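Chain lettering (A, B, C and D) follows the sequence in which the chains are written, and residue indices restart at 1 in each chain.
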Amino acid sequence: MAGNRFGTIFTVTTFGESHGPACGAVVEGCPAGVSLDREILIRELRRRRPRGAGGTGGAGGGDPLGASTARAEEDDPEILSGVFGGKTLGTPIAILVRNRDHHSSDYDELRDLYRPGHADWTWEAKYAFRDHRGGGRSSGRETLGRVAGGAVAKAFLAAACPALEIRAWPSAIAGIPVPGPEDAGFDWEEAGRNPLAVPHREAAAEILALIERLRKEGDSAGGVVSCRVTGLPPGLGEPVFDKLDGRIAAAMVSIGAVKGVELGAGFAAARGRGSSHNDGILPGEAAPPLPGIPSLAFRTNHAGGVLGGISTGAPLEFRTAFKPVPSIAKPQRTLDRHGSPRDLIIRGRHDVCIVPRAVPVVEAMTALVLADLLLLNRCARL
Amino acid sequence: MAGNRFGTIFTVTTFGESHGPACGAVVEGCPAGVSLDREILIRELRRRRPRGAGGTGGAGGGDPLGASTARAEEDDPEILSGVFGGKTLGTPIAILVRNRDHHSSDYDELRDLYRPGHADWTWEAKYAFRDHRGGGRSSGRETLGRVAGGAVAKAFLAAACPALEIRAWPSAIAGIPVPGPEDAGFDWEEAGRNPLAVPHREAAAEILALIERLRKEGDSAGGVVSCRVTGLPPGLGEPVFDKLDGRIAAAMVSIGAVKGVELGAGFAAARGRGSSHNDGILPGEAAPPLPGIPSLAFRTNHAGGVLGGISTGAPLEFRTAFKPVPSIAKPQRTLDRHGSPRDLIIRGRHDVCIVPRAVPVVEAMTALVLADLLLLNRCARL
Amino acid sequence: MAGNRFGTIFTVTTFGESHGPACGAVVEGCPAGVSLDREILIRELRRRRPRGAGGTGGAGGGDPLGASTARAEEDDPEILSGVFGGKTLGTPIAILVRNRDHHSSDYDELRDLYRPGHADWTWEAKYAFRDHRGGGRSSGRETLGRVAGGAVAKAFLAAACPALEIRAWPSAIAGIPVPGPEDAGFDWEEAGRNPLAVPHREAAAEILALIERLRKEGDSAGGVVSCRVTGLPPGLGEPVFDKLDGRIAAAMVSIGAVKGVELGAGFAAARGRGSSHNDGILPGEAAPPLPGIPSLAFRTNHAGGVLGGISTGAPLEFRTAFKPVPSIAKPQRTLDRHGSPRDLIIRGRHDVCIVPRAVPVVEAMTALVLADLLLLNRCARL
Amino acid sequence: MAGNRFGTIFTVTTFGESHGPACGAVVEGCPAGVSLDREILIRELRRRRPRGAGGTGGAGGGDPLGASTARAEEDDPEILSGVFGGKTLGTPIAILVRNRDHHSSDYDELRDLYRPGHADWTWEAKYAFRDHRGGGRSSGRETLGRVAGGAVAKAFLAAACPALEIRAWPSAIAGIPVPGPEDAGFDWEEAGRNPLAVPHREAAAEILALIERLRKEGDSAGGVVSCRVTGLPPGLGEPVFDKLDGRIAAAMVSIGAVKGVELGAGFAAARGRGSSHNDGILPGEAAPPLPGIPSLAFRTNHAGGVLGGISTGAPLEFRTAFKPVPSIAKPQRTLDRHGSPRDLIIRGRHDVCIVPRAVPVVEAMTALVLADLLLLNRCARL
């Protein structure tokens, strides 16, 4: 079935319910000979864990984002197949992460209730039947398989395309913008120091204060993740239905809670003029040079690194909007399975904002898109 | 190859270069027994033609949007297969539209130049070789196959899901917003009366004046197309990689010139709070009733009709941003095939703004998404 | 939908009913830069026409196989897209062949009857609705799209893999075996001289006499097509569900009238011993040499050129069994649409044996398999 | 990538190397609401184990077929996802079986040798790199994922199509034919009593004696598995590239060691006449009756239950030929990695004949084909 697999040649299939035995992924189409081990997976999976509660952030003493969906134990990936002697075999790479430490009984009172902003009711409308514990397969825990698959894609890209670098970061949280890479105070190192993964110290502090206030109010927030890919070779993307930007959009909106995506100038492009939007073409330098055609550069990058769905060699730039976490502590009105109105109070501590944990998911999905398009591009010419 | 086919069960494959012999589509997976004829195709194809120049707009005397890419003759679709006695057979429906009246020699001077904002150079970077005439397959003319395919999808949806209605409209052009369906002065009928397909008389007049000014300046503009689908049954969408919203995003960003897409509250959701974004759940009414679960309604529709990637039954709402037309009459700097800087002046009249002609393309892609998900949904339950 | 498309990267989608406006194919995934023109298509399409009636056989005076399904006019392919200046663009190649000279009224009396050995009833059981004229899409005329697609695949293979040669021939007709390439009297030239495409003069004469007798009796015959591919590079085939031999089997049994396929030693292997079936391994010579591994050769080729689903470099060898043509002039008992028993006499002249015309179809499908696996193989290694 | 996934809607993806950590499968597209538990998997997996060594056959004291590839411990499947409260959720069903008790060091001396009849060399020719232990992914152990996937397919079919029954059996081993279901002495119960799974006592005894002799000689044998499916509804199969018989052929030849497949009359059809091959049509009875068309029956079943690629409702009948096991104890000549000739003696006890253990694999692949086509058929009509 379509729904659980992403990609054409380099593909990931994710599996697992939030409170079932395990989550994981099967990665197919990774070429043979790529260096891969458990450590690579652990490193990426750790990035999607809440900071503080065993995550990379050193704050200690609990997660300031308020996540209890986070499990106390670290995710422990196992490579079941496809790797031998530290190298990929060209066969499917199955990756398993056990679901531990889950408190399924926390969800007993939600069994017959439809939570606003969640997929509880739509899931029943579709399948008649669902695993109500922790959102089942609609849980954010499903992204674990994506991040594992993305780690394999990154390992392949690192070998096949060493100059390529994928960097995502929260560019706005709860309405507070984070200055960008060209702005004063932006600092990649800082992203590793605060629990928000925000690469700007002052912005991080301001946002943390707001998050803390929201946590006390029992409310939640959304935000925007920006992503920039540099070192991308020209020529990636398959017109017309598998364009690079089309695939990125599909990848982003497949992530839960995403409500929008912008490529390059995005919605601002819709307000501009051709004379200002068009990126002027200049002589460029490509290493290695492109056979038969001149290298070129662009005066600006409103296109976001894509023309006609094919990479230009300029940085790929896009932004993804995440809605506020739907699980809030404030009372909400809803219905139960029998159609009776009910007051709902969601107990337990939940993420106030998912955006920091979405950063590695955005990167993983981007890596999966690029790995696939890189392979497809091998088939473009005689 | 991935690139030219959209969908899983109900699919469209488009083919054709702008100035080659023909454009068209092969639609597969349309169930047998759907009423279909040439008139249905003609009606939809006419909507993507420029108004004035033989289009549905009655302005006469030339297209105020300034399009010369429009051909003088009407597109003349032929159904080559898959239909017998006015009904679909369940076999592939091949649709052919000849490319007539094209002035390929107009493009002779562009043979060795890379136009800013176009795919000329990226196409060569990928394939080493291109049809330079009119953008080849990167031309807007490729959307003809999409609109033809969408017409088949609409015919299927009309039979399978009679309450369903797909309506798209320009909600902003060149930075001027168009009031929405809930605002004063909004009028679907008006969309058929002005050459912009704008459903609001005053907004249309204001935009037309601006477009005229841009045309004189040799400049161009972008805009936003909004789309609303009502009467959608709950349950459509395949988690997690073929969610309804994910498929819509993939469909939209596959259209040339698109730089962004928003679902429901879109980027505004990223600035909101959970308590205000969550759509409260109320008792609802579904006809026919859903077996085993209560019908429900939503106090608001920030979700845009999708939760967990599955339709809620509320209207599906999304917006798509189009960049300004890249072919402008103003001089631009670029390179030629030998890497030498050149001044480029694009001759001939081109669309100042593609947005009005994009409206039926947005609808067509939406219909294709829904037809496919409707069929996939037949496989969701025992 | 799955049913009309073959392949993963290099794919063909066929369309068209026997007596509809046209038949054809869309070929996707052919790399850019392959030389292709109409003449290449005409040459292959001519091979699937009956000999005598305008075919390549020079017998004149009508087709000794008795075919009236053959149309008097030659098939006239048109390339609608994907080729510019005699080279492929990397875009979909749509190929159209009009259906001319068809006598649809010949089928009026069959409208409500189910012909034994045909798909009339199963088609209605599936779709409730069919085009009864000439078998609709279940007609042998559908193979026209396959042969056109195969011609493109052959053009690609000729450029990418010049040593590769695909040769099919009838190795048995109506129970009379044709001596093989290693036997006395076998002569590839002879295949072009007799209307049976049989590469052996005496066998051809014996079979022709039998066919003539069957024609007078109003009966029909089946046969076997053998195929040998030489010059195949090692490494083609994707374990485990897209093995080279698995794909060949899928390709062959997708052809109408096929009832079996054997690879290498085939069913005889099931009766043999490991000690005699295993092909002994000898030092070999590969040009170019394989990096890191020795070249090898095989003492025998019971494997038919495939081990573990991957080509060995030895000739790919397989045989395909075709049932007798189901349209016979002898009276048959059947039912009509109302369930009443009826006597059926099929009028008009039909092929007595389809095997000679199946030869180019077997080659075409083989070329499509190999083109696709050749491209997929580009993605096997880092 | 294509290679590891089978099906369109109801799909199985297998993973795992013979001596890696685990083998398994991910089943996608199984509708929600199907009863499934571990016991169902265990039952099917047990059938592919050698008889005697913990298998269902009660012979005790070791496996008369001589298998040491069989592991001493029983396969222990774990359902990782997709099932909740004993019912499928509509989400991916990941199934894991650990590889235990493997003696990887047995393969140390084979590390640099290419075994005749095995995929050792072709694997290196393709991927440059392989897991040499036990054949890696080319091992028969890969079929474990198929059998697990087939068990899910059977569970779905049992619920959706209760009258359907799939039965496979060895119809010839080592050249000794087994009388068929219509012959005297055929007894399904007997298949459970002898270690060959042969449903005929005298044939089983004769074959066992021959197998014993081959074992002593250090030789091996092949055979034929027949399969009959009854209770199949008419209408299954997607013309033209996903015909029921085409899919069956693809499924069968995807199994390792298969060299041929026949549908219905098979190669005998190629020697017959239309007048004798055509299955006469008679009035039939279908429960439930088919709307709008008469039920019919067939005087014979040379078609093997398929016409035009669509099921007729008559039993689906086919035969699959397996080559002799390539691992034999007799000395063989081969090359090592450096291209030097070497004498090879394969140590350890290997299966003399794989055919009895292939029976559940044939059934599993058949179930997977039918489950997929049953779902696709839901999309055939308006």
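As a convention for this text, a contact is a pair of C-beta atoms (placed from the backbone, for glycine too) under 8 Å apart; a residue touches a chain by one contact, two chains touch by 3 or more.
Small disclaimer: the values here were computed from a predicted structure and weren't measured.
Steps from chain A to chain C, minimised over paths through touching chains, total 1. Simply put, of A-D and B-D, more C-beta pairs touch at A-D. Set against the C-alpha centre of chain D, every other chain centre is closer than that of B. For this pair, chain A with chain B, the centres built from the Cα atoms lie 27 Å apart. Taking each chain's centre as the average of its CA atoms, chain A and chain D sit 40 Å apart. Note on chain placement: the centre of chain B and the centre of chain D lie 47 Å apart, centres being C-alpha means. Under the contact definition stated at the top, the residues of chain C that touch 2 or more other chains are 1, 3-5, 9-10, 14, 29, 32-33, 90-91, 126-128, 137, 239, 376, 379-381. The residues of chain C lying in touch with chain A in their complex are 9-10, 29, 31-34, 90-91, 156, 159-160, 239, 375-376, 378-382.
In the complex of the two chains, the chain B residues touching chain A come out as 1-6, 8, 14, 114, 116-119, 121-128, 137-138, 142, 172, 174-175, 214, 218-224, 234-243, 245-250, 252-254, 256, 258-267, 269-275, 277-283, 290-296, 302-304, 306-313, 321-328, 330, 332-339, 341, 376-377, 379-381.
The touching residues of chain C, counted against chain B in their complex, run 1, 3-5, 9-11, 13-17, 20-24, 26, 28-29, 32-33, 78-84, 87, 89-94, 96, 126-131, 136-137.
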